[in-house]
Amino acid sequence: MKKIEAIVRPERVQPVVEALEAIGILGLNVTQVTGRGRQKGVTVHTGRGVETTQVNMLPKARVEVVVADADVDKVIAAVIRAARTNSKGAVGDGKIFVSPVNDAVRVSTGERGDSAI
Amino acid sequence: MKKIEAIVRPERVQPVVEALEAIGILGLNVTQVTGRGRQKGVTVHTGRGVETTQVNMLPKARVEVVVADADVDKVIAAVIRAARTNSKGAVGDGKIFVSPVNDAVRVSTGERGDSAI
Amino acid sequence: MKKIEAIVRPERVQPVVEALEAIGILGLNVTQVTGRGRQKGVTVHTGRGVETTQVNMLPKARVEVVVADADVDKVIAAVIRAARTNSKGAVGDGKIFVSPVNDAVRVSTGERGDSAI
Amino acid sequence: MPEIDAGATAWVLASSALVLFMTPGLAFFYGGLVRGKNVLSTIMYSFIAMAVVSVVWILWGYSLAFGPGSKFIGNLDFLGFTGVDSGGTFEVAGVSAPIPHALFATFQLMFAIITPALITGAFAERFKFSTYLIFLVLWITFVYAPIAHWVWSGNGWLFGLGALDFAGGTVVHINAGMAAIAAAWLVGRRRNVEHVVVPHNVPFVILGAGILWFGWFGFNAGSALNANASAVNAFLVTNTAAAMAALTWTLLSWWQSKKPSAVGAASGAVAGLVAITPAAGFVGPMGALAIGLGAGSLCYFAVRYRSRLKIDDALDVFAIHGVGGMWGAIATGIFAAAAFGGFDGLINGNGKQVVTQLIGVGATMGYSFIVSFIILKVLDLIPGLGLRVSDKDEDSGLDTALHGEQGYTNN
Amino acid sequence: MPEIDAGATAWVLASSALVLFMTPGLAFFYGGLVRGKNVLSTIMYSFIAMAVVSVVWILWGYSLAFGPGSKFIGNLDFLGFTGVDSGGTFEVAGVSAPIPHALFATFQLMFAIITPALITGAFAERFKFSTYLIFLVLWITFVYAPIAHWVWSGNGWLFGLGALDFAGGTVVHINAGMAAIAAAWLVGRRRNVEHVVVPHNVPFVILGAGILWFGWFGFNAGSALNANASAVNAFLVTNTAAAMAALTWTLLSWWQSKKPSAVGAASGAVAGLVAITPAAGFVGPMGALAIGLGAGSLCYFAVRYRSRLKIDDALDVFAIHGVGGMWGAIATGIFAAAAFGGFDGLINGNGKQVVTQLIGVGATMGYSFIVSFIILKVLDLIPGLGLRVSDKDEDSGLDTALHGEQGYTNN
Amino acid sequence: MPEIDAGATAWVLASSALVLFMTPGLAFFYGGLVRGKNVLSTIMYSFIAMAVVSVVWILWGYSLAFGPGSKFIGNLDFLGFTGVDSGGTFEVAGVSAPIPHALFATFQLMFAIITPALITGAFAERFKFSTYLIFLVLWITFVYAPIAHWVWSGNGWLFGLGALDFAGGTVVHINAGMAAIAAAWLVGRRRNVEHVVVPHNVPFVILGAGILWFGWFGFNAGSALNANASAVNAFLVTNTAAAMAALTWTLLSWWQSKKPSAVGAASGAVAGLVAITPAAGFVGPMGALAIGLGAGSLCYFAVRYRSRLKIDDALDVFAIHGVGGMWGAIATGIFAAAAFGGFDGLINGNGKQVVTQLIGVGATMGYSFIVSFIILKVLDLIPGLGLRVSDKDEDSGLDTALHGEQGYTNN
């Protein structure tokens, strides 16, 4: 089992969720984060609006999906497709991390392992 | 060391925390997430309240606990007990993921490993 | 590749981010969490302000950085330095967890592995 | 019949707007105090009262309350606001004012709106919205209208007795406080709440308190039904009592729980405003300081001890409006001075006024509690109605469960 | 020339303040309905209207609207408020009131501020702020001022015809509604929105609605330009229609989508307030109940069917203000009764009034739509201007992209 | 002695309510600008001023400010509001108005409340609540009351000199601005803040600004103490200056930092309102445009350069209220025209008025700064008091540390 953590633009969450649905992945969760990558931040006003500051941390969303090992690549492909803002991809489109998961448990039934995902 | 990530209903966080306390697990952290599993979402009004939409992402809470390997099973059992909304469990009660952790460090003392948890 | 998860006081996020920048770590993300460790909570008023309750869960921030294995130790050292509220460290200063990551993907380019971090 | 006075009319028009504005203010005061998952349902209890009570009042509520009628209830003379003229001045059953009759009736409507809205703090986070709508109609008809008639109609028996209630200490506050107890008792305690609800949005609580304080000037000084010395005095003492009670509560919360609470300051202000309500036309600024001091302390301790009771009056309606209203009604009997409103109280040698006030308090308490209890009990027993939402709905929050909405979304 | 009446002046001063306050209220009403990333840009559309329109009004707007002029537009007599005296009473082109001329002009300014602010709901979440500032200036000059002149100047052709519009059903609401359609059409649909915007902060929506309800008493009852029977009646029917429409909408949303919506209750209240606006001086409380019932239902269904149109009138300005305004204008012709405002309508045997009202409605709709369309089209074509922000800015949200600010930060 | 005029009384009652409402408005304006962990402590500074100052004012504050007394301070004639009658009209030391004396005193109280609340923006996020309560009492007594006496009492030396301050440019704004500088200096800079505090809730800032704008009509137009031409003019110019200054600031922020700031628009409005305050009864709409333009620019640049100073006047009280107040006081001397308020200024050939205004400005600045500084220094030195919270409390936020509350909870 693997956990796939995709950090994407907040406005791309909906497309990502739909892309995953299209490949049969239903279970997932989403967290609001702020993040920094190579993308430069935005300039925002401080105080009374007379000075600005560069905010390097931008709002992002983290979509987490735990899937069977076999599904990892198609999930990554689906996320990339849905998270890119244009066909070539732009800085700030996000990042995906894959990490190991030992076990999953469904609280309602107590099922464990792949069948619990 | 393992990280146990339990995604539960927001109103069950308090019972879960108490159940963990009862088995001697104090350190933990909680994040608000929205998620989707087999549970169907809720119908909410859009715009001016004349149309509704099905929201599939529901508010959930993620309780994260890093514990020694030996404690994993009792933590899972405690979470299941506390997170279920009735004795049989219901769809939407949540999910638990277990994943490996290589090391832990206590910032204040610099301690590492199991003693830092 | 490793994921380093540092749970620190919200007001120490800025110093931690700067400390990481100083050692060349740019990519990271931050989540608001509430947590409990050995630190005791705060007393807050309930209802109309005539009773108080002990809140054990305190606001914390989780800084997550995925780095190459080689960088783990210097990241930990930098976080510890920046997250401590005084030179000796105090209860509540936080905790760091290190866990394995199998792969990283940059959405915009599709790069994978260490070069994608 | 006096002429319509433009100055008086201007002030009572402004006051009517101010009192109407108190209800959204209350919505925020209460809405901030509950948990985030119930913010909208709590706000809706108040907001919908503006809709339902306005309609009921025009159709029959005003007539039952202020129609000449008997000692105990009005009659149907003003059904559908017939005879409630905007051309002629108000003069019914020997009470008159230099403003149009329709303005008096409209001003009174605003009081009828906020009174049941006050009650909702008692059963917030678990009361069914559908049943609440029916409750509103019945309660205005069978509880509010009669008590308003007793106290404020020239024919009312408490009016005849000389019970003083300038702007609604009995009619509004004691009345709401007693109905609150009945409702909190019958609907039962909230699930999973062991005295530990932390308000989800304290700025909203303060916003609500600010709007209430602002609107209360219309409530009390508008009750002079004129822009005259009495209105001015009511305005001044209203502010004074609110200030003193806010200060008192803040210092008490500081002393007793180590830290001065912002919600406490806001609650104290409301307690002071409640207590000065019946007295506003009858006491001066020194009396107002005393009333504010009393309100701040009594309501503070009432809230403190209430939370040890079994009855889960969620937002302490009884402890603030009930206790504050009682104190205010009695204090009117104590501190009234003829120099301000033509009546003397205990400190000016007229101890009898306290007795009269106690009769007013007692009658209102008894009638309000009993009839509110009966109405709620009946609603509880009617199949398909019932007072309380399901456990599942309560756990997930009334906003999504009942109204299909969330207070806040991240989108 | 009548004397300045202090009572009338007091009430119209208070009313002017109330109407000004409606614009921040609207800012919150609209701001709560959009997504969080556009809350500030939505609020700014309203807030900046307070700044821009105030300046334009003083310089030339008032003069064009209320200068004696011709049947169709005012003249330059009052340029820069020359001759708009605070010492003498208002008396221009045969219309007069016992308040200073400068007060009349100031009161009217508040209407000129909120009208274009209403339009912004149509193009929220995608309209350029820079172009909007220019639009404000042009629209007040070429659309608002002429229509205000037609309807409210003693010389205006609709005034001469006997079209009744007590407080702005045509001038404010139909006008804003038609401009909204033109703007929503020209600016195009929002990206990635398929009828599914969930309001980001419903308490703000209710706060806005509460402030609007409160301020509308100034809007309608202040339009009597006096503290008299007419003001009182306008106050009463304003509240009545708002209440009835809020109730109607709530029940309809309950019936049709299973749950009573809080946003729906607020929207219903606004719809009722819109519809009673032209009628406030001419109908009584029973007429107001009918108007509220009609407004609640018609606007409800208008919103429902609008969302199937291609035009993305984001916050349903046409469905509420356009439809509500039309219904109100026509209903004035139906329910007017001489007893309240000196004019009879259909139900009192004067069917002709409905025809006159229809002429007023039609003329306003046509003129407003066409001229608003032209103004926007021209702005769209001017290089460097254009109506719409870039896709990138729209996706990231107008708050950071255009204003360099975020509504809320966690710091 | 003039008769009590109901129209005047109605308007000043309404104005008093409006001015009181400004303080919660300020609480939100300031509360939105700080970081989320200090929102309640910031709000509480304002809210508790309503409580403390009301009590002090009744007991001795009013008497010190408006008791006949000497040139420099009032006396104890009105201690405990004795002799402050609601039956008779206001007539003290040669100044009179057709409203009850008690209403004048109450209206004045509202000014005394908001003035120290304004100061709190300077030391927000780090000032001790306990010390602040004592500061409030001392500051009203030793700073506010004397300056109010100089300027507004018929016996005051600045009044005698002919210094014009219609509604508080010196007494309220310059005074608050100078005390702010003293306080920000003595309390020291915030920790970990290098010019980069991003407001935590901008909608609250706009809500606050909206309430302030609304309430300011009471502040300025109520200061006519009558519902007459002067009130109307004050109302009109208040709105005009606010609008012009909001527009100016917005455009400046656009030009200088590429994006028009919503907080900037709100700040500009407040700057304009400040600057027109002393002038409201003396200039016309064209003067108001000039004053607004000046306020928008001067305060904008004052804020810009202030942030380079060492003194951490957190919410720029000096740059807005100090600078805006000075500009307004001087501009009154420039733009005053006898047609509006009976006095001519520089542009009408009376350059001497500017000199008189400068004396008023200078005297207020000097006295306010020095006495505020002394009060704060003494409080800082008293063991157990001190101005500043501990570093730990500052880091974790004053809300939990001092008040035991959090602004917002997820529950």
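Just so it is clear, A, B, C, D, E and F label the chains in written order, and each chain counts residues from 1 on its own.
Everything that follows uses one rule, which is that a residue touches a chain if its C-beta (ideal position, glycine included) is under 8 Å from a C-beta of that chain, and two chains touch if they have at least 3 such contacts.
These figures come from a predicted structure and were not determined experimentally.
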| item | value |
| --- | --- |
| Contact-graph distance - origin subunit E, target subunit F | 1 |
| Neighbouring chains common to subunit B and subunit E, by label | A, D |
| Chain pair with the higher count of C-beta pairs in contact (A-F, A-E) | A-F |
| Option reproducing the contacts of C-D, where over half of them reappear, out of B-D, A-E or B-E | B-E |
| Centre-to-centre distance between subunit F and subunit C (centres being mean Cα positions), rounded to whole Å | 43 |
| CA centroid of subunit A to CA centroid of subunit C, Å | 19 |
| Euclidean distance of C-alpha centroids - subunit B vs subunit F, Å | 50 |
| Residues within subunit D bordering two or more other chains | 5-8, 10-11, 14, 197-199, 201, 207, 227, 257-259, 261-263, 265, 403-406, 410 |
| Contacts with 2+ other chains: residues of subunit A | 31-32, 43-45, 49, 52, 99-100 |
| Topology of the chain contact graph, where touching chains are joined (line, ring, star, complete, other) | other |
| Those chain pairs that satisfy the touch definition | A-B, A-C, A-E, A-F, B-C, B-D, B-E, C-D, C-F, D-E, D-F, E-F |
| Residues on subunit E engaged by subunit A in the complex (per definition of touch) | 37, 192, 395-396, 400, 403-406 |
| Residue ranges of subunit B in contact with subunit C within the complex | 3, 17, 26-31, 64, 66, 99-110, 116 |
| Touching residues (chain side subunit F, partner subunit E) in the complex | 5-8, 10-11, 14, 18, 35-37, 197-203, 206-207, 209-211, 213-214, 217-218, 221, 226-233, 235-236, 239-240, 242-244, 246-247, 250, 257-263, 265-266, 268-269, 284-286, 289, 340 |
| Subunit C to subunit B touching residues, read off their complex | 2, 6-8, 31-38, 56-57, 60, 62, 76, 79-80, 83-84, 88-100 |
| Residues of subunit D touching subunit E in the complex | 4-11, 13-14, 16-17, 20-21, 23-25, 27-28, 31, 39-40, 43-44, 47-48, 50-55, 58, 80-81, 85-87, 99-100, 102-103, 105-106, 109, 129, 201, 204, 207, 227, 402-411 |
